[in-house]
């Protein structure tokens, strides 16, 4: 086993852990956090892909940096939505039964 | 020689980290835990920084390490102060 | 500046200036950017028609180093449709979301979000790089979520959260597939990937990306977020969200299946997608039948119409030899997407105009609509004709093409679904149209001037005109059409 | 030896990730998430991706963590009920997720051998105008991605501002902080900004040749701004103030301007000819770094919330 393999497997496991958290989570803030877990798991996998070759491949690194910034943007908007929604409705859990509200 | 110094100082630093962590886990209340964390861990970090500095190729790198240690000290001091103030207020309110 | 760069630069520059400026200046800049982008879109279409597919290597770097943008028939059709809908939405926002009526928050936020949405749409339609497409749809989702939340009420906020969760989960699945593609082939460019050495992981990558894009397109069973989000937003925003946004992820899906990995298209997968499409048609139509609010009826109709788009997958290239035009199903699908975009936007704007007058979009409050605002009401009816698929509308041409391919290929089942879906659409649109034309004694209302009423009418007429004058668009669609669309998957 | 270190790091990361997902209480989840981000940035160094490690530590762990903590504080102030506690183990979900992880793991071993062809950048890099290949990819080869990425940040900020209640629209962003004058926080806020600004500017400046760049440096500057605001030295702006909004769009505008200039001078959209690439990238990076700093800081501060002292 080489270290890129180790990190790739870690990344794969993180994706599963994150999706489990996403399904399980009731608190909306926790859901936003699990999105970040899944995203970073994917990035670790991609990073391992970049480290797999002997030559230095900067493209995955650039993609990951872009991805991290995009993830932060999405998290910031999501967190803002959660706070605004909680203020309007008084709860921070997922609204299940207001389809037509 | 430099390698030996690195091993020595890093080892001492690790010892302080272990001591700090034990204190964090064993001490009874917020204040003593903070005490263990800030004192022992900052000292430990200092030793590790010192040990790493022996591996530095230029004075500039060693100076950067020292700067990092200083910043950590500053942050740790401020944060522990804030935490203990908050804890004190909570205790008084009870 | 070349038209290809201009359709990206103009809306983006407009958005940036709209953020920096304030008050009237914002609106003037935004409208100028809209007009400019419309002109650029038409110029781009003209130059593609005369010169064929246009290609731009951004920064002068050829792939795999750089990113390629390409304008083919499909992207031109989408870009021109987007330009029409966007201009109509921004014109109707001028009076529906004016600062006096909607407050400074909405008046400030709408313009940058709208222009960013436009930038993202054009970027997605043109891009040939899988990661660039990812950044594009993220920008699209964030701008779209902002437009949903613009309404500001608790219901709109919870709709926005629901939308966000689906959109983010979809993006992550797409990203997972993209990572596998890069891992296996070391390239992200669609053109390079088309010539790749097939790898074992391709099927998994395609499945992950398809699932993610389905969630973003709101295909059944990932549709639950769509009706509250589209039905709850302000009308000009709904027009963009319903008419345009689902098309972007659908276009990526087309590029994946027809250009990147046509070799991986298993018959079962195609049938599964079409089956989900049928479920969406049924579910959306029934949903539209039971709603009592106009905007929700129109939003559920979008769920059903997205279903049709997926029926096309098993039909692609069906018996192309007997077709008057090669790749009939492909052309029909693009026609369908375009005419749905125009008609759906017209419907939302028409309902929104009545709502801003009457204060409600409940079905029983629709009475008197036709006598108060005849042009707007007529626009709604024309748009309904396209959605149902009656001749001579664009919707009819689209369904005719797809059904002919289905029967020619002996896959008559899908054709029957199309016909049945048309009946369902007629059923759920009958009630609103009947209410709109019902006589009612309502007090005289401050109706917006006829100039504004022309806006939805123009869109609806464009959707119908697509069916009457369909030969020029047909030629356009043959530009750069993937081989797989003619041969079938 | 290093493999053992990697294995320990991976195990620790996975353990903390599990604790993030399964732990009770949102506050704990956030703390675990920050720890997780820090562990990941060590992993990035091990994967020979120092640029990413910097970005992960600054953005992934640091700023995202602050964002969550700030949101948690706001939720507590609003007084939403605590998280509903029943946490049953959900077997079908768990099996599905294990399947997903398994599929990704299988894919890793099923990747084509011999190793995939790495895109050959050796021809392009000497013409990129910068030494650091990651910066070359970000600001030259894939500049269109990066321009869109800056736009994504802006879209998130506009979307966040949209969430303001109408009555708060003219207030200052965020909620007013009260710090004891002469207290520890205030002196920290006075001590740190000079050093922090230096570090941020250095990171932006060095990005052309070594790990660093507009995103990492911008994040450090944003953090400096946030600490100064926490210490009461800087007051958050209002949305209606034009000058701040100019700062937000300056970076993307300069970037876009460079792209259009290429088009006007006939070399093509977003093309930076080799002779001027170095200078152009430097200017773009500085402008972008400043805009990113302002945008990130305002993203964390959040929309205006009224506040009593206005």
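Residue numbering begins at 1 within each chain, and the chains themselves are lettered A, B, C and D in the order written.
Note that contacts are C-beta pairs under 8 Å (C-beta built on N, C-alpha and C of every residue); 3 or more make two chains touch, one makes a residue touch a chain.
Note that the structure is a prediction, hence the values are computed from the model and not measured.
Visitor: What's the farthest chain from chain A if centres are computed as the mean of the Cα atoms?
Guide: B
Visitor: For the interfaces B-D and C-D, which has the higher count of C-beta pairs in contact?
Guide: C-D
Visitor: With chain centres taken as the means of their Cα atoms, state the distance from chain C to chain D in Å.
Guide: Each chain's C-alpha centroid was found; their separation is 31 Å.
Visitor: What whole-number Å value describes the gap between the mean CA coordinates of chain A and chain C?
Guide: So the centre of chain A lies 27 Å away from the centre of chain C.
Visitor: Among the residues of chain D, which are close enough to touch at least two other chains?
Guide: Within chain D, the residues that touch at least two other chains are 104, 108, 116, 118-119, 121, 142, 145, 149, 152, 155-156, 159, 163, 165.
Visitor: Using the touch rule from the top of the page, what residues of chain C touch 2 or more other chains?
Guide: 64, 131, 135, 138, 142, 145-146, 149, 157, 176, 183
Visitor: Hunt down the residues of chain B that sit against at least two other chains at once, touch-wise.
Guide: none
Visitor: Of all possible chain pairs, which ones touch?
Guide: A-C, A-D, B-D, C-D
Visitor: Any idea which chain A residues touch chain D in the complex?
Guide: Residues in contact with chain D: 1-21, 23-24, 26-27, 29-30, 32-34, 36-37, 40, 43-45, 47-48, 50-53, 55-62, 64-66, 68-77, 79-84, 86-87, 90-93.
Visitor: Would you mind writing out the residues of chain D in touch with chain A in their complex?
Guide: Per the touch definition, chain D meets chain A at residues 2-3, 6-7, 10, 13-14, 17-18, 20-22, 26, 29-30, 33, 36-37, 40, 43-44, 46-49, 51-52, 55-56, 59-60, 63-64, 67-68, 71-72, 74-75, 78-81, 83-84, 87, 90, 93-94, 96-102, 104-105, 108, 115-116, 118-119, 121, 133-134, 136-138, 142, 145-146, 149, 152-153, 155-157, 159-160, 163, 165, 213, 215, 296, 299-300, 302-303.
Visitor: Inside the complex, what are the residues of chain C that reach chain D?
Guide: Residue list for chain C touching chain D: 1-2, 4-5, 9, 12-13, 15-17, 19-22, 56-61, 64-67, 69, 103-105, 108-109, 112-113, 116, 119-120, 123, 129, 131-132, 135-136, 138-139, 142-143, 145-146, 149-150, 152, 157, 176, 180, 183-187, 197, 199-201, 204-205.
Visitor: For chain A, which residues count as touching chain C in their complex?
Guide: So the residues of chain A touching chain C come out as 15, 22, 28, 31, 35, 38-39, 42, 45-46, 49, 52, 59-60, 63, 66-67, 70, 73-74, 77-78, 81-82, 84-85, 88-89, 94-95, 98-101.
Visitor: Would you tell me which residues of chain D are touching chain B in their complex?
Guide: Checking each residue of chain D against chain B gives 184-185, 188, 191-192, 195.
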